[in-house]
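After this come two complexes, each holding chain A, first together with chain B and then together with chain C.
Right after this comes the complex of A and B.
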């Protein structure tokens, strides 16, 4: 594993954490919006591509992506809502707010850690240039 | 020039181009409909590998090939994904680290040549 691939690893980490943050914010944002009957709301999740080997999984060509999955429904009785169905039930996506909030915080911290790792590696790489330059 | 100097020069040009592309992407990040640009260094990397492997490659030949290897390698990416700023800043930083390493190597090399000419430290 050379220096370039460690840089690529940090870059992958940053992108992945940003997507996790995006997914969690999206899920929190739609938590209280009623879904229309035909189309259930979709929850986002960030996934890393599956590939054999650590190097290939986080290398230059691997890109994390967001996938959407149908959310479980939560039915609320509210006949006055325009989105209510025949029986007066409104369906909301079932979002685990505790999970999403902790993902939000966790992703933010992990993002910072990745930035720190990148900076450390960069200053190491630049310091290695000073080897042997008699001072 | 000799082979190593030409190889380092090609490397420097690659790092510069990388930084240029990243800067252009950052500058245009908020332009509607802008698609991130990418540089494809396949040809240049192949050239460097060839210089390493093949004994027939010398400095002049590498200089000649390197002058065209970096033409037209920048193109807009296919994906309609918006520019992600952290990615671009990271590209910029990586390119800068690369550039600094290569310039240091180059100056060490020239110092060695100077030493050989002067004959003393």
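Right after this comes the complex of A and C.
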């Protein structure tokens, strides 16, 4: 059935938006967590795996994934913090809260759009079964 | 004046047609085989949906949308099979109720 490939595309879209939301909430969660010197904080980002074509990218076996990248540091002078270095500076990951919040809203809306597309396809498939049953 | 006798009713042509239908059935996959393979495919889809719902209920790390899509997929296939069955039963009843 050709409908299966559209189902696969909807599934990929839902998974991708969920991962974007996960990445944004992870980044917001670590925004005010001081990083230790040896282990810098890592920002998450949802990516689609590399594939030869667009159809393969959203196809049945495609799985979006989260990748981590080192965050830029933001230094705050706070000698009373136990995580402060010998100069009294505490390093926080530099998180753009405005960007993360808009990603949150955007991912939620895009998830709803994917659900709407899936439901429309489902009701179309159900309606197509009614063809010819009126007599 | 001569009377032309009426020919006896022959069912030879019907027999011939019957034979023709039999040859077609031997050449292509039979209707029952087709129905059987479709039903087994439907059963596999239903079993897959059932397994994913059980895994989600058991607390495995399965995305909810995958479970819902598998369930909807199985639902659509079941609905399709039911519609096909309705058409077949309609056709069968049409034939059995035919006045001869």
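The definition used in the following text is that the second predicted complex is superposed on the first by the 133 of 135 C-alpha atoms of A that agree within 3 Å, B and C clash if a C-alpha of one lies under 4 Å from a C-alpha of the other, contacts with A are read in each partner's own complex, and residues count from 1 in each chain.
Here is the rule we go by: a contact is a pair of C-beta atoms (placed from the backbone, for glycine too) under 8 Å apart; a residue touches a chain by one contact, two chains touch by 3 or more.
The structure presented is a predicted model; accordingly, all values stated were derived computationally and were not measured.
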Superposed partners chain B and chain C on chain A - clash or fit: clash
Which of chain B and chain C A:32 touches, first, second, both or neither: neither
Touched partner set for A:2, first chain B, second chain C, both or neither: neither
Touched partner set for A:14, first chain B, second chain C, both or neither: both
Touching partner for A:80 - first (chain B), second (chain C), both, neither: neither
Touching both chain B and chain C, residues of chain A: 4, 7, 10-11, 14-15, 18, 118, 122, 125-126, 129
Chain A-touching residues of chain B, taken from the complex the two chains share: 84, 86-87, 90, 93-94, 97, 100-101, 104
Touch list for chain A against partner chain C, complex: 3-4, 7, 10-11, 14-15, 18, 118, 122, 125-126, 129, 133
Touching residues on chain A, where the partner in the complex is chain B: 4, 7, 10-11, 14-15, 18, 118, 122, 125-126, 129
Interfacial residue positions of chain C with respect to chain A in the complex: 63, 65-66, 69, 72-73, 76, 79-80, 83, 86
